[in-house]
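Listed after this line are the structures, all set down as structure tokens.
Look for subunit A in each of the two complexes below; its partner is subunit B in the first and subunit C in the second.
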Partner chain A sequence: MLKYVTRRLLYTVILLLIVSFTIFYIFDLIPVDPARLICSKQCTPALVEANRHRLGLDVSVLEQWWRFLQGLVQGRNYGEGGIKDIYCGAPSFGYSFNRHECVSTVIADVFPTTLSLTIGAFVMWLSVGVSLGVLAARKKGKFADRASNAFVLIGTSLPTFITGILVVLFIVLKFHLVNPLELGDWKNPITDPIGWLRTFFFPCATLALAYAATYTRFTRSNVLEISSEDYIRTARAKGLSEKVILRKHTLRAALAPIVTIAGLDFAGLLGGAIITEGIFGLSGLGKLSLTAVLQTYDLPIIVATTLVGSAFVVIMNLIVDIAYAYLDPRVRAE
Partner chain B sequence: MSAMNLTTRRWISVVATTALAVSLAMVSGASTASAAEVKGGTLNFYTHNEQVAALDPTNMYTGRDIALYGTYIYRQLTSYKMVPGSAGTELTGDLATNTGVPSNKAKTWTFTLRPGITWEDGSAVTCADLKYGMSRSFATDVFNDGPGYARSWLDIPVLEDGSSAYAGPYKKTGQELYDKAVTCSKDNRTITYKLSRSVPDFNYFASYPAAGPVKASKDTGDKYDLRPMATGPYKVKSYKINDKLVMVRNSKWKKSSDPLRKALPDSISIKFGMNEDVRDETDMTDQIPNGINMDGLQSTNTPTYFADPTKAKQRLNIVDSFVTYLSANNSAGHLDCLLVRKAVFFAYDNQSLIDLAGGLKYYGEMGDNIVKPNLGMDYIATKGNIHDPNFKIGGNPEYAKTLLAQAKTACPDAYDRATNPAKGLKYYRPDTADNKKSAVIVEAALTKAGIVIETVYKPSGSYNANLTEYKSQTDFLASGWAPDWANASTVIPEMWGDGCCNYTKNEDTPEYAPFSAKIKKALVELDRKKQAKLWHELSQYGMDQYWYIRTVFSKDQLTWGSKIGGFQEWKIMSTPIYNDLYIKK
Partner chain C sequence: MTKFLEVKNLSVSFPTEDGLVKASNDVSYSVDLGKTLAIVGESGSGKSVSNLAIMGLHNRATTQISGSAFLNLDEGPIDVITAPEETVRRLRGKVMSMIFQDPMSALHPYFSVGNQIAEAWSLYNEGSKRDGMKRAAEMLDLVGIPSAADRVKDYPHQFSGGMRQRVMIAMALVNNPKLLIADEPTTALDVTVQSQILKLIQEIQKEFNMAVILITHDLGVVAEVADNVCVMYGGKIVETSAIDEIFYRSQHPYTTALLDSIPRVDKFGSHRLKAISGQPPSLIGLPKGCSFAPRCQFVSHVAGSRCTTEDPELTEKAKDHFARCFLSTEQIHTLTGRSVTA
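Showing the complex of A and B:
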């Protein structure tokens, strides 16, 4: 088992290295010159060169990447000579001259928002999706099933950018539930749970809606499929009550794949929920990435947010794989 | 234009109903609160933008930021009078006792600091702080997003690559050159700038935060942007990008040292990153009565808001300081024929383009100059162009055809290129949905006149960064410009002369040499009226050459909450007079 985990950890590191180099390489290919973009309207070639040097873009892609890796391990000074006191300690993802901060500080600053949003939405979609799915399966063909079908239809056909705008305009603002100036404010859920709920309930609900609909459908079909298995019929024949059959036999089997998928969805969202964060003005990883890609061409931010997002997915995959390997020795053997 | 009249009428009304002493004080630029003004409360601003473009004074270069932060946290050597109407385009002393004293044909400028001016830590603002503040503009390894006038004008040699021999206060290379160009008196209150040529409007540049003070011991270089030191009535309490900037009263600021600022609210907060739909709904339903939208509404919401009678006292439709234009490439092999340029000018369907962008009421009106009326004495209504009897705002293809017929014999090569389907004119545009819509209008209008045009779409993200390259390849280039201060010296040389943003490629045409010589004369003319007359002549000359195919005097819309008082237009800045804003009881 230890050998398997070690091997997978090694693969994970190699994968993240490849991802990081690919970002540098792609950024170099894009026909945009960040050095020129941040030059004033009285720009001269000398100023562009000064910018390029300051941004660390005056060396080859390989050299840029190598410096990045060095920063990750041992920290790094940014700018040379003229810029005062710019040192980012390890693990340094770089320095954002656009935001005037070390990227690791920026990430640490926005990550709680994304984490709050993701955990809140995760709890909502799992509890709503699984409950509705089980209910729909047990009441197959009845009103509850048809109502859950309607929910699934609405949830999956409404894109988040529509749901979000509808929620914020016609619920949040219409009924003065949150002051627009407080939309997106970060509140610590431990020290200020009410404040957190006011700010994060609606974004979480918006994000959870589409996922909850999918999970309702998935749970319903899984429960129905498992319910028709021979061992369930046997349990029923032995005289077990429907509640016991559901709790002890059906759900255990039906939820295993759901938990796996939920883990991966959770990891994907930790990389940032761009649309929801944008609509509710949440300063999270998704919004940070979007601004860096579309507006500021802030390479250190782009590299860091992509790496963080990738790392979550890869690590969650690793955890799932380890779990499977633990449960199924055949996976280890492969 | 109606907006200007409205503002003027409002101002006259205010003056007429206010005590004489108050009105006199306002006209002179001094800050005296009117009876209606209330102290206290929090003034809220909100914007879709993620952050202040640059809070560091050395990098600050947008009009709105200079107006806002120059009112609340920074004081400059000079400032525009914080009053409505044309008086608001006049300079007055701010940190300095007056608007500066030129000598040696305006090659030397001297300013003396008022007594009692302090930083937010209570220490005195000195000449050394001013000297250090301007020196940061030379540290191009740290700052180069701000105005470059200090590098261009101070009497410091320029190296072969165009950079200054002085490398700024961090590297200190060439420090002795800077120390000679900028000197302080023994009492550390008078500063003298020695320039490499006559600059009659140097004192306008002195109104920029980039020419203002920075305390060397508190300079944190690149990070100064996040926590600058205040000299004004407010200081930065907290600033988090994509979240909020909160300014609170600067207890060390003394009203007695500041003849301009009123400092009415107790605190000022700016909310960043607000979704545009949320922002507009906030305005429409007055969700934040003590709030001001910094962006304007989306064009789809503007007509609704401006048609709502309940919002009549919460809106202004102003002619802003921007001119949007379409420049022609005058170089050989492109539009190097006046008749062809004129044909394009008269064929253009400006009405449809303006309608597409928001209409004459909200987007803008056809301009007859690249200098806008906002600039006061430097503007002149030129002859010809849109005043030509043949000009029709929806396009006049028949007249364009007659011009092309003349071009066929006068300049056959240019005619052939403009009308031959195998050749045709090229128009480089950023690849956006809006540009694709407007391209349909442009192509249809020019085709009607027999002009062949191809729209070439370029990646929008990199378009501006590649303008220098594109300007040689395309026949047309659309952009916009606002003056740096109330003098056409920051417009005509930049747009048609050897300044930063001349996309007309006119420098090799025979018409350029006399034009350029006159620009040089105007730039050093010390008599302001004579200088304005030179700008008038240069404007007319450029418009007669049809170096620009169209100019539009753009408009802007300002909206605010029901509890905001004192909202008036600061004409030179195209912003509210921030100094007058207060929260109604």
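Showing the complex of A and C:
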């Protein structure tokens, strides 16, 4: 097991290095020159060159990437050639000349919002999806199954931007459950749990709906499939009650694959939920990267958010693999 | 005299969109403690279905079951077909146990074998988890798994097919049941392992004085272990008797055809195996007349077209030897060349 984890850990580090280099390479290829963008109206080639040097873009991609990695570990000074000294401590993701802030500070500012949204939605869709899926499988063909089927249909066919707008329309504007002025206000869940809920409950529910529907479907079909396995018949032949068979034998096998997709979906959302954040006025990673890409072309922010997003996926992949090995002894053996 | 298990007129059918599947039709048999009843038939002959009904393993909502199956327990007889589901559940694993054809898929892949055996034990015994694992190790030792104490913590995929079937047997026997139903326990195993498993079942049967029902399509297996035999075809019993009667004085063309289709060491050379032509009947809307008639080579020897219009009753051809055929004992023995005095 230890050997397995070590090997996977090594792969993860290598993968992250490749991902980060690819990101640098892609942004180097894009025909937008950040050095020209921040140049004022009286722009001269000399000024552009100076900007380029200041942004650290006057060296090869490989060198840029290497400096970035160094910055991650040691922190980095971005002030060379500029008016004042700018230092960002480790882990430094770069410096946004557009916002005059270290990127790590910017990310640390928005991350609690993204984390709240993701965890809240995750808990909702997992509990609703799995319990509804199990219920539907148990009552196959009966009313509960059909009702959950309807839920799945609605959940999967309604895009988030429609549900989000409907939620805002009814909850905020019609029933006044949330003050529109408070919409998107960050509240600390520990010191102000009610305020946190007021900000995040509806965005989380909106985000969770589509996922919950998929998970209901997936759980239902998994439980049904496992129920017809020979080893469930064996469990019955032993004299176990239906309750124990479901709780211990069926669910253990049926939920193992759900751990996999749940981990990856969770990681994907940690990279930012652009639409939901936009509708509810939340400033999370999604909004941050969207602004950086569309409005300011803030390269350090784009690189950092892309890298953080993919790092979540890669790291979660590792966690899922380890969890799966723990759940399924056959994986452990390999 | 009452036997331990008495099955009377047991019918099991499954309603489907295409019609009612009569998987097991008016089946009666019995088996006593310490004895082995073999139920023989090809796939789809209904041999498993009636025994799953005895174990109560059919979904009652989607299965129609009629008839009775009495277990004559010390506390009095109980009909497992009509008894409440909860009552039958409490008999499973304790009074009656079952082992299945494919030991690869019959064990839960996520739990250690010791855990699975201990779970069966703790259902009917007071004791800690540790006691359960100790008992599991004893059982693994009993069924001949080497260094059992170390292997209780292993998972099913770490065992070979034969060893897994031993684990299944250990699990089925952990509460000393009185009836063991073995549903093709050796079909999925290597030939060399097959006889080991059969021998193991026999030994344990002797030790615990169990009634055993052995479901198989392999007459070789039957000859090795059975006291009595039921031959099933198309959901019905076509012949039933003591073991020697079946092998030496079989009274049904299907049984003789089955016997002709197995290789024999005393008839090598020009002897060719005879296959039974045709397909087993569909269990939806069985044809009128004898279900075996379309494949029977002796249909023309019965007067008129009786075989295709009238279903023969299960009649006693000799003492305790029943067969479902219009041919007389003399006729069938002349036709098949099987001697009455063998």
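In this text, the second predicted complex is superposed on the first by the 297 of 334 C-alpha atoms of A that agree within 3 Å, B and C clash if a C-alpha of one lies under 4 Å from a C-alpha of the other, contacts with A are read in each partner's own complex, and residues count from 1 in each chain.
By definition in this document, a contact is a pair of C-beta atoms (placed from the backbone, for glycine too) under 8 Å apart; a residue touches a chain by one contact, two chains touch by 3 or more.
Nothing here was measured: the structure is a model prediction, and the numbers come from that model.
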Partner chain(s) touched by A:E101 [first = subunit B, second = subunit C, both, neither]: first
Touching partner for A:Y231 - first (subunit B), second (subunit C), both, neither: second
Which superposed partner A:R54 touches (first subunit B, second subunit C, both, neither): first
Touched partner set for A:P112, first subunit B, second subunit C, both or neither: neither
Of subunit B and subunit C, the chain that contacts the larger number of subunit A residues: B
Which of subunit B and subunit C A:L181 touches, first, second, both or neither: first
Subunit B versus subunit C as contact partner of A:S241, first or second or both or neither: second
First, second, both or neither for A:G75, with subunit B first and subunit C second: neither
Residues of subunit A contacting subunit B in one complex and subunit C in the other: none
Contacting residues of subunit A [partner subunit B, same complex]: 30-33, 36-47, 50-51, 53-54, 79-86, 97, 99-101, 109-110, 165, 168-169, 173, 176, 179-181, 183-186, 278-281, 283, 287-288, 291, 294-295, 297
Contacting residues of subunit B [partner subunit A, same complex]: 44, 46, 50-51, 61, 139-142, 144-149, 152, 161-163, 167-168, 170-171, 219-223, 225-226, 240-243, 269, 271, 273-275, 277-279, 281-282, 285, 287-288, 291, 459, 461-462, 464-466, 500-501
Complex contacts: residues of subunit A adjacent to subunit C: 229-231, 233-241, 249, 252-253, 256, 327-330, 333
In the complex with subunit A, residue positions of subunit C that touch it: 55, 57, 89-94, 97-98, 100, 102, 105-112, 119-120, 123-124, 155, 157-158, 168, 171-172
